[in-house]
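One chain, subunit A, appears in both complexes that follow, with subunit B as partner in the first and subunit C in the second.
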Partner chain A sequence: MTATVESTVSAPRRGTGRPAAGLAPALAGTVTVGLGGAAGLLGVLGISGHGGGVRLGWLLPLAGVDFAVSATAGLFMLLVGLVAVAAGVYSIGYFRTSGASTITLAVAPVFTAAMLGVLAAGSVVTLLVCWEMMALASLVGVLSDHHRPAALDAGRWYAGMTQLGFVAILVGLVVLSASGGSGDMVLLGRHAGRLTPTARNAVFALTALGFGSKAGLVPLHVWLPRAHPEAPGPVSALMSAAMVAVGIYGLVRVDVQILGPGPRWWAVAVLGFGALSAVYGVLQASVSTDLKRLLAYSTTENMGVVAVGVGAGMLLIDYHRPGAAAVAIAAALVHTVAHAVFKALLFLSAGAAVAATGIRDLDRLGGLAVRMPATTILFAVGALGASGLPLGAGFVSEWLLLQALIHTEPGSGTLLAVVMPVAVGVVALSTGLGVAAMVKAFGVGFLARPRSPEAAEAREASPSMVAGMSFAAAACGVAAVAPVVLSAALDKVLGETPGVGLSAAPSLGVVLRLPGLAGSVSPAVLAAAVVSVTLAVVVLAGRAGARRRPAAVTAPLWTCGAGPLSERMEYTATSFAQPLQQVFDVVLRPEVDVEVSHAGGSEYLVERVRFRSRVDDTVELRLYRPILAAVSRWAGWVRRAHPGSVHLYIGYGAIGVTVVLVVAR
Partner chain B sequence: MAGLTGRIRRLGRIAEPAPPAPGPLQDASEVGRGSLQLRHVDAGSCNGCEVEISGCFSPVYDAERYGARLVASPRHADGVLVSGVVTRNMASALVDAVNAVPAPRVVIAVGDCACDGGVFSEAYGVVGPAGAVIGVDVAVPGCPPEPAQIIDALRKLTRR
Partner chain C sequence: MSASAYLSGVNLVAGGLLVLTVAVVWRRDLAAMIRLLALQGLFLGAIPVLAGVYHRDAQLVVVGVAVAALRAGLFPRLLRARLRGEPAEDREAAPLVTTTASLLAAAALIIVAYVVAAPVVRLGPDGPARAAPVGFAMVFIGIFLLVTRRKALSQVIGLLILDNGIDAVAFVAAAGVPVIVELGVSLDVLLGVLVLGVLAGRMHAKFGGTDLDELRELHE
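Showing the complex of A and B:
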């Protein structure tokens, strides 16, 4: 985030221990791809209603392990499978060139398996065990380059936040299964009505906190922009594309399907925190100068948009508008899938750029379009998806969400009338600023001239990396023009969601139709039109131009009479974001500091000007720092009680025993 | 808005009536015929010529009615309007600017300084008149030349 500080990543030799031998990356990649394929298969089974239960009683003492894939889980398994296949293929070349220890190599397969376990979990205990495995595997991934202080710091934040989130989910789900009288997820759905209102509210609050923090919702997002960038390319893709979606899965499965429909404040809370995340995430993304950190903030933004969809769906269910609710929830799900594919692509291609240059700082990248054409084009496909424009993966879902939000009939209640227009504004603002952030990432990072020698000497990614990215890009293309592939799954998921009108489910054919609402659009036709008009213009203009074009001459570049153009004259990420930073400085609170040194003591002769601008995470500064300070103060007091004296400890023991004896008398 | 409209109406047209068009130049080139876009380069002038050039494009003289315009980039121009003696600091910039104009192009030297060095010809830091570094097609002498003289030269090129 600092404009002047260099953030160089040591590309070779990640991780501890011996660098793995030649075949190991291929083996790890193949296992990940295999897991991804299996996930796809299981997902399809789950969606088609054949995800029946498997019980492995011997695997875990007392509770046993249960797997049962619901349709909702099936949809998310498909998503994780897609990301895993792309990341697995990619990881073969990535770890071959950048080198990795065996531990780092094992992260991707274990992590994928753990995520699939969470999704396939048929009981609360299985879900919790797999959740913890997922957290630990990703933590190892974040720490794979633990010689860097930034990675260590990220690891600490991530470990703290993810464990707190786990505790919240643990307590919430234990209360749920204790009062629901069963640990089985399907049975719980039927018995959730037995909970007292207080217990229901408590379970909702705890699980929403835990799942929300995994999805990176503000204000529980602080770990995300630190941890995601530190992990190696394929692992960051898995984290930022698949793991956050697992958080959304928890929210949908537990809080909407099992507990819901709940009181109105649940919906407002989900929608509100979603809106906050969308706006805050996109603002931070648009001023961020670190390529991977920008993408991580964009994840927060997109998960915010998803949460807006889920929250709006919950609110519409509460207001008995099953049609609009179906569209909102469908929009949230489609956006989760779209986000997974485009964010996987973005993180993979950003990882390729970082691996080739060793630089994450956008202000020192640039010029990769010439040196790494395939990676550049693939990143562009991902960035188009993240911009929510037609032809991009994110278009369909954003359109669906806006349709659900704007079609609130008048007279449907004050709350709805106030909340929905605000939500429309939030989605529109975050989409607009998201375009700016993506233009910055692509334009500054990949186009123009290289801004550093490392960027000037970048080499194209290896074939397997390009293959992995191309797979993700193909998925983006399908999501953009043929969302129909999701429609069967969506119908099933909506069928599992109480209070949602199935008949009003959007049909995602060639033309998107919303039976409940008046609105239709055809992404495929739109895409075909855009492509054919562009082609026609290019061809016609080329023809017309060729006829009366004079002979070409080579002329020097016009630089207003100054010397030759240099990369120092290009737009940087900092300068591109400057207007936005100025407009939103109340929220972002940038720290700008200009230092002018004068030559020879004259105030007219300037020797050098140093400009430094830094945007910190306001939420972290204002919310977390005071809490951390309080906790460490408290820990300081506690520490005084154990000064290392054996006598004192024996004394504590004696007092303890006495108290027990007195109480248990 | 109403105030502005009223003021425009009261003021009316203040451009002086156009004098009869001068004939074309001897070696009549087609550059700038009908429309002449010019990039102005101050190569080291005392700014007297600049005042007169801006007078040319003021509402009173209104050179634009004859098809001549000042543009911001040589890439958009048909020619260069040079004023002032060519100083060492500006010599290469002037050459670059002229080369940046797509051919065929015209170079118009405005003022004695640009034509033959004028009062600064003996000064230190001076390379010479515009002709010393670039080819000059049209010269407008005078220290400074009046707007009417400059416009006369421009009209010879635009033939309007």
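Showing the complex of A and C:
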């Protein structure tokens, strides 16, 4: 019996263009690390309230460039700095082994600098310029392997989505600063009340669309599972960990802090799209067989959870529950930070595995635990964080979010009473399925026997790559057991958020306390308990076992008569996800094709069974394909107007001149 | 020179410009069109010369002489040099519409020009600005020639008539332009003519003709 599973097969990644000289990767990596360190410093300054304004009038004609780091920006700069340091150290070894052109090497530092520029921007113009630089730099990163059709396709999708998002943000912020009478971000926060309700709603819709598409929220996520896997390891870590967080920053800074408490539908929209993203992202992640694609969908899921937190916070502000609102927004921010560190670690270690084997397909990976022990352990740390279990980086934030959601007093209003339990369900479902997805990625990708010769010949990542990943893993550990380091920053950010009770800010010490809400937990004590109990069990069981252990006998394993054990008998990613795929058949709509060929014309003797399964993005098929087809039809009509005749073109010019003259009189 | 003599002089010159422009539309022979264009350049140069004599401004006279030298001397020479390179059958303008239709269209464009130029005429209803519609008519007819003529050389002639029209409007509406501006504009047009001439030569070498209708697809 044969079971072939069709999925994307990726060739070994090769650098394109002129390979860089020996020192270039080290130089680029050092610059990125330096930028990350500076970002951390600036972030701390911003959080402590010393992120004062710097104006460079000469840098940009007419508008000038303004930098002023608010506490919110400071928190996100700290986050980008962490990711940049990890990715920078990692990139030295990564690009040395896999080879890269100078342009690809330049992407990481430029991209990091642009993201920091977006966060540090003190005026709308500076923010927009840096935003576009960030988009272009990451696009170059996605296209660094542009000889492959998949990378080109990803580049086209990414370019289209990111530019459309930019247009939405541009129009939204221009309307905002025109109505607010200033381009300064701080002044805008004070003057936002001058906007008419229509303008406010329009600005909210446009900016939420733009920032949401950057954060990868459904249905604007389609670029994410294409672009993130195609970028080289360090760049995809920067994109998936840091850039999506910049999208969340925009949402929090502009839509929550500057536009201030808005109508109820804003909160419901953010919460709704967040919930949709969380569930849809985790479903796609749990059935995906491409390692990096799985991680990209997990990003959509986590950003969805963050958006649920932000939306819940906005809704609770609207219902005058400052305490619960503070907890919800704090949960969203902590989850953004936690996601950044564990997703950076996951993408870096996945990048190491892909660089060592040249394979992204989980069904052909496996057995890396023996050959790449450090990478495997580090991936496990990241996967634990992504699962939202105690000891993992994502636990604290998910717990905070659930606390904010479940502590709705009865009689608070119908909308709150309906929305909150649904949100609890969404968070619970996404966490549960997230565990399945991470178990699949780790178990199938790294454990058991290798399923392909490439995986069997994998070699451990270079020391600098391991160092970069270890840094991210250490950050994961801190986020998991000592969230207190974020406490000061959270207080300041909540202080910048209108409508949130500062006195009700959650305290993230050894024991997490939520003033105003009943509920506390201590991740550090929990972690210590889990570790000590595990150690005790191992030690005691080892002692007890050693006393009564019989002498070892070497014998072939019984395999039901099917011959020696082989990798063909292992669980694959497809078979692991099959039950989930079955259950969520209606949403995922997988294309399953079973082909049975019979031996000798007898219907009882089977010679070969061919099984193909393919899960496409339903949103893309149902929503984007019709739109693209319509645009293409329309473009066909427009194309008739320019058939290539020079005379016709001059005629258009003549008609234009005449119209202008007639109108001008 | 009296004011009435100056005004009738400008009106006479403007009438001559219009007649010459219509004549260019009427003729098919490229050599004849170039002759008409040279004559038009001479008429155009006459406007600033008249203004210079009337206002006793030597600078305007210099501008007029320079314009006449450029448009009646240099441009036609360049065009004739280009024309000699063309085979005999390509020495016709090859319009896309018949001559009768072209003349009717020219008449319609002159009416449009009088409608459109009304605000410019209002600037000085008693001065030379009354002749501004002629300049507009030349611009429109120049564009019309660009749109309806097939050969590259006749396109250059259309462009030059368009530019003569712009110059004419400037001369009658503003009583001349500063020397430096006029020099700049003329240099610009000269470069344009040179580039178009080279381009026509390249087209001829590459495609064996200068028919723009054959330029519908991009080639390497």
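Definition applied: the second predicted complex is superposed on the first by the 648 of 665 C-alpha atoms of A that agree within 3 Å, B and C clash if a C-alpha of one lies under 4 Å from a C-alpha of the other, contacts with A are read in each partner's own complex, and residues count from 1 in each chain.
Note that contacts are C-beta pairs under 8 Å (C-beta built on N, C-alpha and C of every residue); 3 or more make two chains touch, one makes a residue touch a chain.
Not measured: the values here are computed from a predicted model.
Asker: Clash or fit: subunit B against subunit C, after overlaying the two structures on subunit A?
Answerer: Once both complexes are aligned on subunit A, subunit B and subunit C fit side by side.
Asker: Which partner, subunit B or subunit C, is in contact with more residues of subunit A?
Answerer: In the superposed model, C touches more residues of subunit A.
Asker: Can A:V370 be said to touch subunit B (first), subunit C (second), both, or neither?
Answerer: After superposing on A, A:V370 lies clear of both subunit B and subunit C.
Asker: Classify the contacts of A:A536 with the two partner chains as first (subunit B alone), second (subunit C alone), both, or neither.
Answerer: neither
Asker: Consider the C-alpha centres of subunit B and subunit C from the C-alpha centre of subunit A, and write down the angle between them to the nearest 10 degrees.
Answerer: 140
Asker: In the superposed arrangement, does A:P556 touch subunit B (first), subunit C (second), both or neither?
Answerer: The first partner, subunit B, only.
Asker: In the overlay, answer first, second, both or neither for which of subunit B and subunit C A:A417 touches.
Answerer: The answer is neither, since A:A417 touches no partner chain.
Asker: Does subunit B (first) or subunit C (second) touch A:I650, or do both, or does neither?
Answerer: In the superposition, A:I650 contacts subunit C only.
Asker: In the superposition described above, what is the shortest C-alpha distance between subunit B and subunit C in Å? Please give a whole number.
Answerer: Nearest C-alpha pair, subunit B versus subunit C: 72 Å apart.
Asker: Do subunit B and subunit C land on any of the same subunit A residues, and which?
Answerer: Common interface on subunit A, subunit B vs subunit C: nothing in common.
Asker: Quick one: which bits of subunit A touch subunit B in the complex? Just the residue numbers, please.
Answerer: Those in contact with subunit B are residues 553, 555-556, 558-559, 561-562.
Asker: Spell out the part of subunit C that touches subunit A in their complex, as residue ranges.
Answerer: Counting only subunit C, the residues touching subunit A are 96, 112, 115-116, 118-119, 136, 139-140, 143-144, 146-148, 150, 212-213, 215-217.
Asker: Applying the document's contact rule, which stretches of subunit A touch subunit C when the two form their complex?
Answerer: It is residues 643-647, 650-651, 653-654, 657-658, 661-662, 664-665 of subunit A that touch subunit C.
Asker: Residues of subunit B touching subunit A in their complex?
Answerer: So the residues of subunit B in touch with subunit A come to 73-75, 90, 92-94, 96-97, 99-100, 102-103.
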